[in-house]
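Both complexes below contain subunit A, partnered by subunit B and then by subunit C.
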Partner chain A sequence: MISLEQADFIALIVLVAATAPCIYRVLYGPTLADRIAAEDAMGNALVVIFALYAYQASSIFLMDVAMLLAIISFVGTIVVAKYLDKGEVI
Partner chain B sequence: MTTIITKTIAKICLMVDMLYSLDLLLIGGNRPGGGFIGGVLCACGIGLIYVAYGYEDVKKIWNPDWHSWFGYGLLFASITAISPLLAGHNYFRSAFELSPLIVGGFHLGELELVSSMFFDLGVYFVVIGGLLFIVTQVGMDKGKDPEGGK
Partner chain C sequence: MAGELALVADILSIISLFVGIFFLSVGMIGLLRLPDVYNRLHATTKVGTLGAFGVLLSILFQEGATPMGIKAFTVGLFILLTSPISGHMIARAAYRMGVKLCAGTCLDEYAGQRKD
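Moving on, here comes the complex of A and B:
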């Protein structure tokens, strides 16, 4: 039976590994939509990484970082999606 | 104009943005936060409304002069920064006071009053005004792009 800290560490490793294909798709994506979808997925993985590391480091301040990153990454994805759809932002 | 899904999510996200932005503004100084990141978050929420509903439609309901928000915020922060000179202290000196917080006869603790809160408030309005002024000015510039857009 593993402890909660070890499970947290394993989850961190899995999530950091999950960002690697996203980075590949951002760098070599054929179209812009592929890059944006990969960037959104990587942002969500980063939010969970910050939340898990806040538990690992026993620091409540990293939860602020996770919440800010979630909101700003969502806004950025919406803006680029509207640009791809309509050709203008606002 | 966008879909109904984007509009609904934008309205929900605006409430969370405003609440968390005020929280970051008020806890700044003791914990991570402050006027700058609170202003960025507030500008993100209002900019998301601009993106979801369209600038022309939002302008009919609520159209403040964002550049004057920038100017008044800068003036407010500057007055806060130079006001300790009048009392003979250093530039940017911050006053600090603990006052007892009593509500209805119950002593709830101590309320911490700092004068750097006013400087943070000035920075808050500078960031909101500057960012949204840029966003609206760039958004109004509907140039003829030969290969972008429909």
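Moving on, here comes the complex of A and C:
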């Protein structure tokens, strides 16, 4: 039976491995929308990686980094999608 | 009594962690394998809602109502609210850019419905 700390460590390994398909899709995606979708998913995975590592290291400042990365990733995705939609941002 | 509550919190934490990791893995496999932008978006919006929120909810269950647990829950709630919005924006931008549907598509209800 594994403990909670080992479960968190395994989850961290799975999360780091899960960013590899995003990097492949960003590099070789057929269209531009594929690349934006992969970037959005990778941003979400990176937020979860930061939050899990902040919990493991019991550092509350890394959780602030996760929150800031979530906000920046959402704003960046919306800006690029609006630019592709209308040709202007605002 | 306190020991039983800690055991219940541990079990809930393990369950939500497994649900989150399962949906994250399934979303990434779908991003790699599915044939189309819209199919891939169908897979990757689950990464934001159920995957990230499940893992961050498990941190809340392990920590309790400490500042770190509340902050993790806030991050998870933000991702839960904003990930469907970004998926919708990407799909609309892709359709208006003229990205083709994949060959197995049998119904396109949005074709001919555009007003602008």
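Here, the second predicted complex is superposed on the first by the 90 of 90 C-alpha atoms of A that agree within 3 Å, B and C clash if a C-alpha of one lies under 4 Å from a C-alpha of the other, contacts with A are read in each partner's own complex, and residues count from 1 in each chain.
Throughout what follows, contacts are C-beta pairs under 8 Å (C-beta built on N, C-alpha and C of every residue); 3 or more make two chains touch, one makes a residue touch a chain.
All values reported here derive from a predicted model rather than from experimental measurement.
*Asks:* Of the two partners subunit B and subunit C, which one touches more residues belonging to subunit A?
*Replies:* C
*Asks:* On the A-aligned overlay, A:Ile72 touches which partner chain: subunit B = first, subunit C = second, or both, or neither?
*Replies:* first
*Asks:* Kindly classify A:Ile90 by the partners it touches after superposition: subunit B alone (first), subunit C alone (second), both, or neither?
*Replies:* Once the two structures are laid over each other on A, A:Ile90 reaches subunit B alone.
*Asks:* Please work out whether A:Asp40 is in contact with subunit B alone, subunit C alone, both, or neither, and reply first, second, both or neither.
*Replies:* A:Asp40: touches subunit C, not subunit B.
*Asks:* In the superposed arrangement, which partner chain does A:Leu27 touch: subunit B (first), subunit C (second), both, or neither?
*Replies:* Neither subunit B nor subunit C is touched by A:Leu27.
*Asks:* Of the two partner chains, subunit B (first) and subunit C (second), which one does A:Leu4 touch, if any: first, second, both, or neither?
*Replies:* Only subunit C is touched by A:Leu4; subunit B is not.
*Asks:* One more residue to check, A:Ile13. First (subunit B), second (subunit C), both or neither?
*Replies:* neither
*Asks:* So, A:Phe61: does it touch subunit B (first), subunit C (second), both, or neither?
*Replies:* Only subunit B is touched by A:Phe61; subunit C is not.
*Asks:* Would you sort A:Leu52 into first (subunit B), second (subunit C), both or neither based on which partner it touches?
*Replies:* In the superposed model, A:Leu52 contacts subunit C only, not subunit B.
*Asks:* Return the residues of subunit A at which the contacts from subunit B and from subunit C coincide.
*Replies:* The answer is residues 64, 67, 71, 74, 78, 82, 85 of subunit A.
*Asks:* Tell me, which parts of subunit C touch subunit A in their complex?
*Replies:* 10, 13-14, 17, 20-21, 24-25, 27-29, 31-32, 37, 40-41, 44, 47-48, 51-52, 55-56, 59, 62-63, 67-68, 71-72, 74-75, 78-79, 82-83, 85-87, 89-94, 96-97, 99
*Asks:* Would you tell me which residues of subunit B are touching subunit A in their complex?
*Replies:* 2, 6, 10, 13, 16-17, 20, 24, 31-33, 37, 40-41, 44, 47-48, 50-52, 54-55, 135-136, 138-139, 142, 145, 148-150
*Asks:* Quick check: in the complex, which residue numbers of subunit A touch subunit C?
*Replies:* On the subunit A side, the touching residues are 4, 7-8, 11, 14-15, 18-22, 24-25, 31-34, 36-38, 40-41, 44-45, 47-48, 51-52, 54-55, 58, 60, 63-64, 66-67, 70-71, 74, 77-78, 81-82, 84-85.
*Asks:* Note which residues of subunit A are touching subunit B in the complex, please.
*Replies:* The contact residues of subunit A facing subunit B are 61, 64, 67-68, 71-72, 74-75, 78-79, 82, 85-90.
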